[in-house]
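I have placed the structure first, in the form of structure tokens, so that the comments after it can refer back to it.
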Amino acid sequence: MQVPKRKIINDPVHGFITIDHPLLFKIIAHPYYQRLRRIHQMALAHLVYPGAVHTRLHHSLGAYHLMCLAVNELRNKSVPITAEEELAVKAAILLHDIGHGPFSHALEHVLIPGVHHEALSLQIMQSLNAAFNNELSLAISIFTGKYHKPFLHQLISGQLDVDRMDYLTRDSFFTGVSEGVIGYDRILKMFTVADNQLMVEEKGIYSVEKFLVARRQMYWQVYLHKTVLAAEKMLVHIIERAREIKASCSSSTLNMFLNHSYNKQEMYERLFEFCHLDDYDVVSSVKEWMHHPDKVLATLCKNILNRKLLKCKLQTACFEETLVNQFRVKAAEALQISVEEARYFVFTGQTQNTTYAQGDEHINILFKDGSVKNISGVDNALISQTLSMPVKKFYICYLTE
Amino acid sequence: MQVPKRKIINDPVHGFITIDHPLLFKIIAHPYYQRLRRIHQMALAHLVYPGAVHTRLHHSLGAYHLMCLAVNELRNKSVPITAEEELAVKAAILLHDIGHGPFSHALEHVLIPGVHHEALSLQIMQSLNAAFNNELSLAISIFTGKYHKPFLHQLISGQLDVDRMDYLTRDSFFTGVSEGVIGYDRILKMFTVADNQLMVEEKGIYSVEKFLVARRQMYWQVYLHKTVLAAEKMLVHIIERAREIKASCSSSTLNMFLNHSYNKQEMYERLFEFCHLDDYDVVSSVKEWMHHPDKVLATLCKNILNRKLLKCKLQTACFEETLVNQFRVKAAEALQISVEEARYFVFTGQTQNTTYAQGDEHINILFKDGSVKNISGVDNALISQTLSMPVKKFYICYLTE
Amino acid sequence: MQVPKRKIINDPVHGFITIDHPLLFKIIAHPYYQRLRRIHQMALAHLVYPGAVHTRLHHSLGAYHLMCLAVNELRNKSVPITAEEELAVKAAILLHDIGHGPFSHALEHVLIPGVHHEALSLQIMQSLNAAFNNELSLAISIFTGKYHKPFLHQLISGQLDVDRMDYLTRDSFFTGVSEGVIGYDRILKMFTVADNQLMVEEKGIYSVEKFLVARRQMYWQVYLHKTVLAAEKMLVHIIERAREIKASCSSSTLNMFLNHSYNKQEMYERLFEFCHLDDYDVVSSVKEWMHHPDKVLATLCKNILNRKLLKCKLQTACFEETLVNQFRVKAAEALQISVEEARYFVFTGQTQNTTYAQGDEHINILFKDGSVKNISGVDNALISQTLSMPVKKFYICYLTE
Amino acid sequence: MQVPKRKIINDPVHGFITIDHPLLFKIIAHPYYQRLRRIHQMALAHLVYPGAVHTRLHHSLGAYHLMCLAVNELRNKSVPITAEEELAVKAAILLHDIGHGPFSHALEHVLIPGVHHEALSLQIMQSLNAAFNNELSLAISIFTGKYHKPFLHQLISGQLDVDRMDYLTRDSFFTGVSEGVIGYDRILKMFTVADNQLMVEEKGIYSVEKFLVARRQMYWQVYLHKTVLAAEKMLVHIIERAREIKASCSSSTLNMFLNHSYNKQEMYERLFEFCHLDDYDVVSSVKEWMHHPDKVLATLCKNILNRKLLKCKLQTACFEETLVNQFRVKAAEALQISVEEARYFVFTGQTQNTTYAQGDEHINILFKDGSVKNISGVDNALISQTLSMPVKKFYICYLTE
């Protein structure tokens, strides 16, 4: 393959994205990376926000672009970053989501129980590293947080990393929910490094507050939107029911993961197969199963495909068991299934989000006098103790006529 | 189903789209309409413009929104439009693309030879009309141009209709190619009606010129982009090869259309099956066929899935046969296939676009003195005779190592 | 004058603004309204944000546009609003800022001590009402909060009114500070009315939170930006010094207000003259006074015109008197003026902003069960007690070489 | 003055503009440059497009930003540009409009007859060069086209320079006329240099066409909008009448230029005074003259201030003398002035614009095979011979009751 020296990709969100190194071209051209084209970034959110059909590939290119800007900015402020480190951190961000399976978070821990997507990302990076003559070793060292300049890792994965900045901006753009707009360009301009830790300059405090509030809003308004929640739980139930009744499908790869439950080690030995799975395997199976003799499976599949979604309610208090039972009895009657089977159509659960998780690494503010403070500890902080508590909500999904 | 009285949908392109009539809810909730979620608006353009993954459903909602604005605007100018006509024209625009099959234009005339998507749209509307108690009769009359107020038809389908206005704006938005931006809001404000024909007010001339130039640019820069062209021709060849060697696939619906060649009438009897086909059937078949024993089919499928696309060149002159043959011999050697089979990897063709097609209905400008002129005939017209000629280009696609 | 039936104005912020009633045309065509073209919306903020040169006229047209949307939205929700009320509330919002003098807030209470701009707005409305045959009586009744439907007043002036929504959006747009973007279209869609009070629907909570945080950020990042603060205080000092030394200027109107200190009643008798004052009177006087023999006045004028601004620091604690004195001694030496006069160049002060002022009217959330809660009292509120306290900061301005 | 090392300015159009060299800081801090804050970029266009109040200073900062991007891009393509040349071309673009007087083009040749603003820009640059220790010598050499790398001059002043790219984008942004959007980022990416001449790569053809069409549209829809035209001619007549009747005003600088007619050499000796003139001198004089005893002057001034503008019509044919006379007689009666004086209120003229002026330097397209073609000569060119002819229109302005 003849590799171009420099390629420019149009991104409606960030403008032009420039790729200009052979290693980056190799990563992007690899089938494992191209697979991300076939995984929706926002799973089933498009059932509510029809524009939200962008892909993991698009997001990872966007995060890469923000990384380019961040590296430039830090260099302008005399933070030393070598050419090798620059390349490594760019490769790492391109690959940070490579371990996502079909429908990303919506089916995480369902298709592959017990393995987090970041663990898979790391495995895949190592497999690519072997294929790429160890050109990814430094990238892996940074990705795993072992490198002696933690700020490089923090740019990839932290409370204020380019990953979050891209997905908030991008998801906001494609859903049309303008409240998610975060002024990432200003935040990037405020990035600085002290003691090898990523910091934000004092005058960036308000932008960071805004970032946290935008994230809070996107969670409750979009990611945890009650109809999106219902749709994604229906998809989970489809996989679970298929497994329960040992339904098979034409996608041999999907079949393999449906019919076995691999432990981590076994999973790592099936990376190659995993890297052939994408949203298309799941959706075409759903299309097949619409005609499956099992009524539960067939109904779930027909309903999700035709967007006849379960109704969903969110509230602060737990739902009463008697209410749930009433709904189940009704559903059983309506569908002519057992009350036991009706739990596929009537169920409760809990969801939560934390505006600023204190347990994680802090967002540190560097003041002009050289002092450093956690953003929740500055004067007149918007992000106070209260916002560091997770907000929990209970939901119920049920069938309507 | 409990029908809401009014629903608001977020559209990143137009803002909020309002649905407020039971008939419109019924259309949108119908599985035939929901199927449009699973058809890419721009087929494989996302292989070059990664944001271009929006769907036919999203486009038809957008065109519906512009129709709402157009109707309002014309009423403000005292053009009489009854409530029935308003509903009908909105229903018709929602349904105008319902006849599109998988990958829209890219596979039109390939999967279903000899049947245009508009003919299928009409058939499906009629089938829905039967199901909806004839509530769509007026919509169909307008859609087919038989209604006595031609301007209603022209809003749906003409040189300056809401369909084109939406797709140019939307495709421009999702690709990030800002040159396609067309100021549709201004054009809508300039719409007027005389003698029941849709017209543009005199002061709208420059906006219309800009619209035609934006369309011209989108064609050459995006729709006919050489890499997009190559990818879409590869997809066509996949279908053709599958047919030639009678390859089958797990999607029974796709199989049915692969293995038979229906005439129009037979096709119309298989509308129900057609309405189950979408991009997922094609892509999951492509994934299957990667492992097909036929080397031609398997190679095409692997290459398109992993974005190893044929190289493509466009030029004004025809390509020399000897050049084509050289490329075929090379490809045959490289892939160890016959030169005859190599025509799946090396081929030429012709593509064209007309900035302003004179043969079609005109864009008419209404002057303040009441006179009417074709836009190509006004003083100092940008859109002169020359631009009414189609621009033809020849292309060659070939395999590189 | 021949009045058009309908006029459309291009607004880069909101798109097209439509004017369609003779009374509104009369208001806009009136010299008192046209004067708002010559008053900067953001006083001297353009010295830091060069795009922020938009005018009071532009803002009031924008607020009018949002009012049109709000009225439509409420009507869609069956809130009864008569045609008279609609016209009145539109007239009132157009005129809500008519009482602003040169440089708006920056010189309020300086040029006309003791008279708030809203009091002047009311006086001018009454004077126009007399000229317009009492066509503004209802508008005045709503503006003053006497009308029996308080929500109409709340749309004009409340914690979440169209005034604030327009200025945040507009100031954000023209400064380029994207953090001020507030999703006003979503907030408007969430407006509702209960017991004749303006409310926000439950699902609008996050948008309102975002609005309050955006406002908080715009205050500290833009409106109270230290350099803007310094420039505006310099302008105040120019007026004060001119008054102190009885400097006169060529603008006879400005002279009149410089040389007399009117009480409210006297002021109201000089409304006609007041309505001839604008930014141009002040700036051309500043240009004259650059050559004034008084060194304090001349220096202030030269420095502000040439953007040689005082340096400014903001902090939570009060500044030490000794520091202030040191700066004054230095300034006195540098400019060869007395230490007493140096207080024009070295001074301290206090500024404050409250994210959500509890003392004012509340922002009320209407829940689906019909209950109403102050936004600061809902579960997991971002806007807690702490944010209802004003944030105070001390500033010092001083001369640098 | 303590000079910062790097300063970032918020621009709503381009995002962040970075200034990072002491010479650039000195230019921007100079009173001559700061004066551009007080000159509207679009003269009186804001009377039709209320957002169009941006300044010459803002435009020149924007053009400077595009120059930074262009230099980067060309360097990426291995075009050799030294650090000295980079600084010089940036200084030159910052100063390219420094010679504009009050209301820019609207009063050019009126206040200072016979001296083009570019000639004044050059004089002022030379005067600054003397003050800046010859640091501007190279900038001046480039600005005047004498430097041996013509492409540097072409970036500042040519058919496709950063000046035009900025003002089209900026004027489009502030007026809200989206049709002026030109995709400057794509054009910049297509810039290249061959034989020291600025070229556009082959694949940039459509973007250049779009640029020329956008410019054409902005001329007819905005710059030559009939109401803007009327307003600007009224302003010209105010100056001419003031001169005719030897009216004086409080601005001594304006007085000086009103009462003398300097030849070029005399003008150049009064550069210092010229650099004190701005829009404020003109507007405050207009405000004074509203009360002037001369009825013609007073009426023109009152009308322009209160936006009671003359009516204007544009057409392809010349207006009949008899019509003009009828209007003059009417105006004379209405205002009680002589028919001779009525020519200040009723007058005709001619205006023109060329989409692509062949006489000027060409826009050259560099093809992949190394050949170069004028854009009007490429295959299927939109920009044909016809568009190289100026479009002429005649206008009449007249008084209505």
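Note that the chains take the letters A, B, C and D in the order they are written out, and that residue 1 is the start of every chain.
The rule we apply is simple: a residue touches a chain if its C-beta (ideal position, glycine included) is under 8 Å from a C-beta of that chain, and two chains touch if they have at least 3 such contacts.
Note that the structure is predicted; figures quoted are calculated from it, not measured.
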item	value
Farthest chain relative to chain C (centres taken as mean CA coordinates)	B
B-D compared against C-D, more contacting pairs	C-D
Between chain B and chain C, centroid-to-centroid distance (C-alpha), Å	49
Gap in Å, rounded to a whole number, between the CA centres of chain D and chain B	42
Cα-centroid distance, chain C relative to chain D, in whole angstrom	32
Sites on chain D at which at least two other chains make contact	15, 177, 185
Touch list for chain A against partner chain B, complex	1-2, 9-13, 15, 29, 31, 34, 37-38, 46-47, 49-51, 53-55, 57-58, 61, 173-177, 250-251, 276, 280-281, 283-284, 287-288, 305-308, 400-401
Chain C residues within the chain B interface of the complex	6, 8, 15-16, 76, 185, 189
Chain A partner contacts - residues on chain C that touch it in the complex	177-179, 181, 183, 185-186, 206-207, 209-210, 213-214, 216-217, 220-221, 316, 355, 379-380, 382, 384, 386-387, 391
